[in-house]
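Naming follows writing order (A, B, C, D and E), and every chain is counted from residue 1.
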Amino acid sequence: MLPNCTDDKPPVQVNISLSLINILDVDERVQILKSSMWVRWHWKDCRLQWDPKQYDDVTVIHLGRERVWIPDITLYDSASVMDFLDVIQYQRPVIKYTGHLVFGFPSIISSTCYINILNFPYDLQRCRLKFSSWSYDNKFLDVSNSSPTGDLSAYVANNEWSLEGFTVERSSVNYTTSSFPDVTFFVEIRRHPLHIYINLLLPCIVISLIGVFMFLLPPESGERISLGITSLLSMVVFSMNIASSLPATNATVPHITKYFSCSIILVACSAVCTILIMRLHHTSDSIRLPRWVKRVIIECIGSVILLGQSCQYQKV
Amino acid sequence: MLPNCTDDKPPVQVNISLSLINILDVDERVQILKSSMWVRWHWKDCRLQWDPKQYDDVTVIHLGRERVWIPDITLYDSASVMDFLDVIQYQRPVIKYTGHLVFGFPSIISSTCYINILNFPYDLQRCRLKFSSWSYDNKFLDVSNSSPTGDLSAYVANNEWSLEGFTVERSSVNYTTSSFPDVTFFVEIRRHPLHIYINLLLPCIVISLIGVFMFLLPPESGERISLGITSLLSMVVFSMNIASSLPATNATVPHITKYFSCSIILVACSAVCTILIMRLHHTSDSIRLPRWVKRVIIECIGSVILLGQSCQYQKV
Amino acid sequence: MLPNCTDDKPPVQVNISLSLINILDVDERVQILKSSMWVRWHWKDCRLQWDPKQYDDVTVIHLGRERVWIPDITLYDSASVMDFLDVIQYQRPVIKYTGHLVFGFPSIISSTCYINILNFPYDLQRCRLKFSSWSYDNKFLDVSNSSPTGDLSAYVANNEWSLEGFTVERSSVNYTTSSFPDVTFFVEIRRHPLHIYINLLLPCIVISLIGVFMFLLPPESGERISLGITSLLSMVVFSMNIASSLPATNATVPHITKYFSCSIILVACSAVCTILIMRLHHTSDSIRLPRWVKRVIIECIGSVILLGQSCQYQKV
Amino acid sequence: MLPNCTDDKPPVQVNISLSLINILDVDERVQILKSSMWVRWHWKDCRLQWDPKQYDDVTVIHLGRERVWIPDITLYDSASVMDFLDVIQYQRPVIKYTGHLVFGFPSIISSTCYINILNFPYDLQRCRLKFSSWSYDNKFLDVSNSSPTGDLSAYVANNEWSLEGFTVERSSVNYTTSSFPDVTFFVEIRRHPLHIYINLLLPCIVISLIGVFMFLLPPESGERISLGITSLLSMVVFSMNIASSLPATNATVPHITKYFSCSIILVACSAVCTILIMRLHHTSDSIRLPRWVKRVIIECIGSVILLGQSCQYQKV
Amino acid sequence: MLPNCTDDKPPVQVNISLSLINILDVDERVQILKSSMWVRWHWKDCRLQWDPKQYDDVTVIHLGRERVWIPDITLYDSASVMDFLDVIQYQRPVIKYTGHLVFGFPSIISSTCYINILNFPYDLQRCRLKFSSWSYDNKFLDVSNSSPTGDLSAYVANNEWSLEGFTVERSSVNYTTSSFPDVTFFVEIRRHPLHIYINLLLPCIVISLIGVFMFLLPPESGERISLGITSLLSMVVFSMNIASSLPATNATVPHITKYFSCSIILVACSAVCTILIMRLHHTSDSIRLPRWVKRVIIECIGSVILLGQSCQYQKV
């Protein structure tokens, strides 16, 4: 039975507050945020009022969960429905003599969170935690937030993600005959990119640079191609390494993936160029370029890219 | 006891509806679809009717699950039987004064889904979710779908898979003495191939091309074979990488596997050719081809593939 | 209490039938078969008989599990005891007015299965599923199978394994004072080897062949040894790859492991030979073979393996 | 109801003791300590007193958990809330005739633990285990520790971590109207670095040294660059290997990561230098350095780094 | 209440027997033994005696677990407390008319086991399974073993480990005022090393040998160093491969790790030697060794290691 205090039966007002304790894990690939939260629901049940003077000055009691009415608030973004249901079973609400109940519990929450990786590793994620009654509409139960932001008083900072915001909104989902009010928390977190810089970008840039210096190697040195291929494979391995830890999105290709793809294509082109140069270098002089090709290259292109001196060398 | 309203005991009509919220994961290897669904069953129980005027205008109540009859609808394609049973335990059906019950619950469903990977990464998967009573046949319980398609009003798009359809069919499995009606939902999803292109096919094609350019390298350059072997090993690694994420099917070999296998064989052949060429190149002139072999090669084959000029070179 | 119908208390006859729905996974390393099964137990309980005419023509009822006696049939080969126990809790037996009960439930069964990998990937596995009462011996409870084979009417074919047989046997384990009858099902499955061919054997054979062609390379080409070492390492990686997915057996070394070990030794020998040849090739002529060694090699061995021409070359 | 013995209702004194049995796992990446603990709570409930003489000399009884009041002590640093709640369900408190209760249970505790990896592998971790009542404040329930340190009498040493301390503190979290006393245990563990030395640092230093010896190779030997690149890639692989097992921290970059990053940059620089040297070595004499550059290098820099003799060689 | 039969209240005698069915897994890294066991507890409860003649010749009944007193025997070495507690909930003890109870259940036991890897892969592990009452001391409950060894009648041999012994000891842990008797089983298992030989040692020895033959290569062949580096990296990969599957112990460094570390250092030294030799080989004659160095090397050291002939060669 709903805890209605008056005969006109207003909806039960359930106040929802949430304390973020810890961000345990952000799994980019399956797009799940795992966090440690303290959930608290406050409401009033007039049937649970008493006069403390008559009852030995007892002002607060703790009853078993099955003895009182508990709202069926559900986390709509849960990625593990049972976690939430199980932990509720063992909790006891705190009941004041005025009929106010507090039902709070610690919880490890796994929630789905759309991970936008366009700007990886500079990404800012915004994860939704929507709490609403599962079966009572707004004629029976209304939810509200206790403060404009979530509670961060017990928050322990995460190493990998910095918390940018923990806001709360009260909104409503309207159906034809009824509407379901909800309280929605938004956890905004920004990735610390330093770890990515050191462990992923630094080696990658180093390898790219080596791939550039490849062109300084003399063609008669046999190392030129193996250096190019090694750079290429390293780039591919790095690219696959990053891809395996990011979600397989379609709409947004992260900039870092574009960078890697371009790098791979560039290094591949330079490897092909090297092969062509070695082909020319080893070709006997009996196969000559037509005179007009030479003129075009040396006079037109050469004057553009100032090929003068190295061109002398190439002809030797 | 079955909730029969009349003495002729017609089968109880249970209406099944399903809302797809999220496709959480498609594991191609073990062929399991993990999705977030809202399940709703509607039926009528005449024993749970009352006159609201007599009961203080209460039109809707929520009773504990153990107080009323609940149909034993089972997901026949479940890959994790307990998930479904556990989550049902904690839900409370909503009962209207007319005797109509609604039993709905959010659920993370793991269902087996035959993954057809012939056209990977262009594959379209069709996953079945068959709901039917476990122990009541059609003389006792009948199921029906509420609409010709599943409910997508709360669907949140997935990054990796686009939803192509979410249809529903009512069919029946007939045994000798009884038949079991069922409501079967079909989730049709199509893979976004962009992610595969960038992270798997692009590097692979780049490496294949490098393997082709290998033939441009002069034989006296020692790099030719190491380049071929590197290409070959890279192809093998890519092939094993893809194979490990696809189911080990027998009936259908995916086209992409065929492509990789052919690439491997081709690159291997070109490596062998290179070895043979280097053998010829280094062989001293004292071992000569018989005159007729030369003639056959140069005059017959040469004229076909226009070998003229490079043949000159080969003879030097 | 046991459901004895007569005063002489014969053992309760429990009929066990099993429907194989799906083979979900065969984990060769930890030797576990994961399958989706429908289990059905039939028995008679005289205390649950009634006259349908007196009870409003009700011929079948569904009672909660805790209201009736349920046999404690246990899967003796279970690799996850709780899976089976949990799923039983939520099921309701179907009771006919004659006193016959049917207790059936869908189940995901993880059972230990001795994996014989001698003939991998041509292996045929035979997994046992032994059902027997845990605490009632044959004086109290007797089990029997309903048909000579398990039920395959709802079987959905697996991609990786083809079902060769699904037989059932009734046997008995005898102790000094009592004996426990059991019904044992055998799932026989044969691996589809095509997937192994394409993804594991094809690259491996290709690499072995390249290792053979190594000998065609001229010794003065520096590539000969790096090619040999690359082949060797690739063989080792393939071998470790297969080994990691097979159980670490002692009694039976699979033929494929023997093949890989021999290949590794052969490629290693050929690499060593190459090193020796290069040593000889680069050695200055001042260190000469003794005359009698030459004679032995050229005249004795040479005539056997027709070394004539290439021997000329070696001396140049 | 709270077990108040007198009318002035002092807070219930709950004594908390903890025995560390085993450190099962320290997962640096997700920052979780998994340990095997024995938890014991002692308190007094006056309602559970009796006179043993009247009751057949029974001085101790064991009652089911649901029959008596149990304090809702919660592990605030738990990383798996259900583990703790589940195991409590099955335990029976021991009740003495004086009204003293002991509620103890073995538990596998997963607790979050901030891992400071600055000094890895010489790191000393300090993991907090805070026990406090969840819903009773200090007016109702007070906690205390039984001894100044945790109990180590049954501790079994861990292979990887040595226990440096297991202290306990009693503190209090104060809110505006109430305060929650807590008993906090600190597990201090120090990593045994020998395993890291042998398996991670030894190979890494060996590879770095090889990268240094690279400069001894003559420039005309083609191996110089491939050796440098191999060293570079090995360093990168080692660096990624370590990074994957450490948490992605921002505030503190571990010294070992700094060392690896510097090594990578150094080896990369030496590879680039090698490329430049080979460039110079192969450049034909027709392109000469300006006279003043030579003078600067040889006379100024050369005199500083004593370039005399090798400079002679470079000019040849 | 304890099942005391007489007024002097002797401790309840609980007889513990254990049948080992299967060794499912030995995880060396986290040091956990996973085995399939049948646990059986026997004791006498005088309150559960009856005269079969009065009760229709019923001599044995099965009661629900919650109806009778069950000893709180706990596995002290459990690595997963809930596994044991859960499976007990569903079992029914068998009660004889004499008051003797048998409480048996199949169980998958995960127990911590100190893994001594000094002699890997020749290691013999001894895993303890200590059963004792959790809250009853020896004044209330006494445990005993039924036979000097554990029951192996239903044991199915493991592929990877051979069972060397399954002994049982009865001992006691004494505290100041009370003592807790326990029954401790020891599972002794010996690893089959054949699998390690073939898949880990064979390739490793092959690669070491190749690293030795490196010295036979002529210095002017550029392959010498790349061969050395390849051997070195292969050794490192093998070493890391083994290290990742063994626990990170400090006290005992396994012999195989020492072997690998020495091999790495040796191969590294040989690579450095090769670099030095190449340096000398390529150095122009203008830089000469001082006369006295030559004399020392050739006359003193040379005469020791019989350097005669190859010394000649080195000077050419």
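Convention: a contact is a pair of C-beta atoms (placed from the backbone, for glycine too) under 8 Å apart; a residue touches a chain by one contact, two chains touch by 3 or more.
Keep in mind it's a predicted model, so treat the numbers as computed, not measured.
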Least hop count linking subunit B to subunit E through chains in contact: 2
Geometric centre distance via CA averages, subunit D-subunit C, whole Å: 39
Where subunit A and subunit D are represented by their mean Cα positions, the distance between them in whole Å: 24
Subunit E: positions in contact with at least two other chains: 222, 226
Pairwise touch network: line, ring, star, complete, or other: ring
Complete ring sequence of chains beginning with subunit A, oriented so that subunit B follows: A, B, C, E, D
Subunit E-touching residues of subunit C, taken from the complex the two chains share: 1, 9, 30-31, 72, 74, 76, 78-82, 85, 88-89, 112, 114, 134-136, 140, 222, 224-226, 229, 232-233, 236, 239-240, 243, 247-251, 253, 257, 261, 264-265, 268, 271-272, 275-276, 278-279, 282-284, 286-287
Interfacial residue positions of subunit C with respect to subunit B in the complex: 22, 24-25, 36, 57, 60-62, 83, 86-87, 90-92, 94, 102, 104-108, 156, 159-160, 162, 192, 194-196, 198-199, 202-203, 206-207, 209-210, 213-214, 216-218, 220-223, 226-227, 230, 234, 241, 309, 312-313, 316
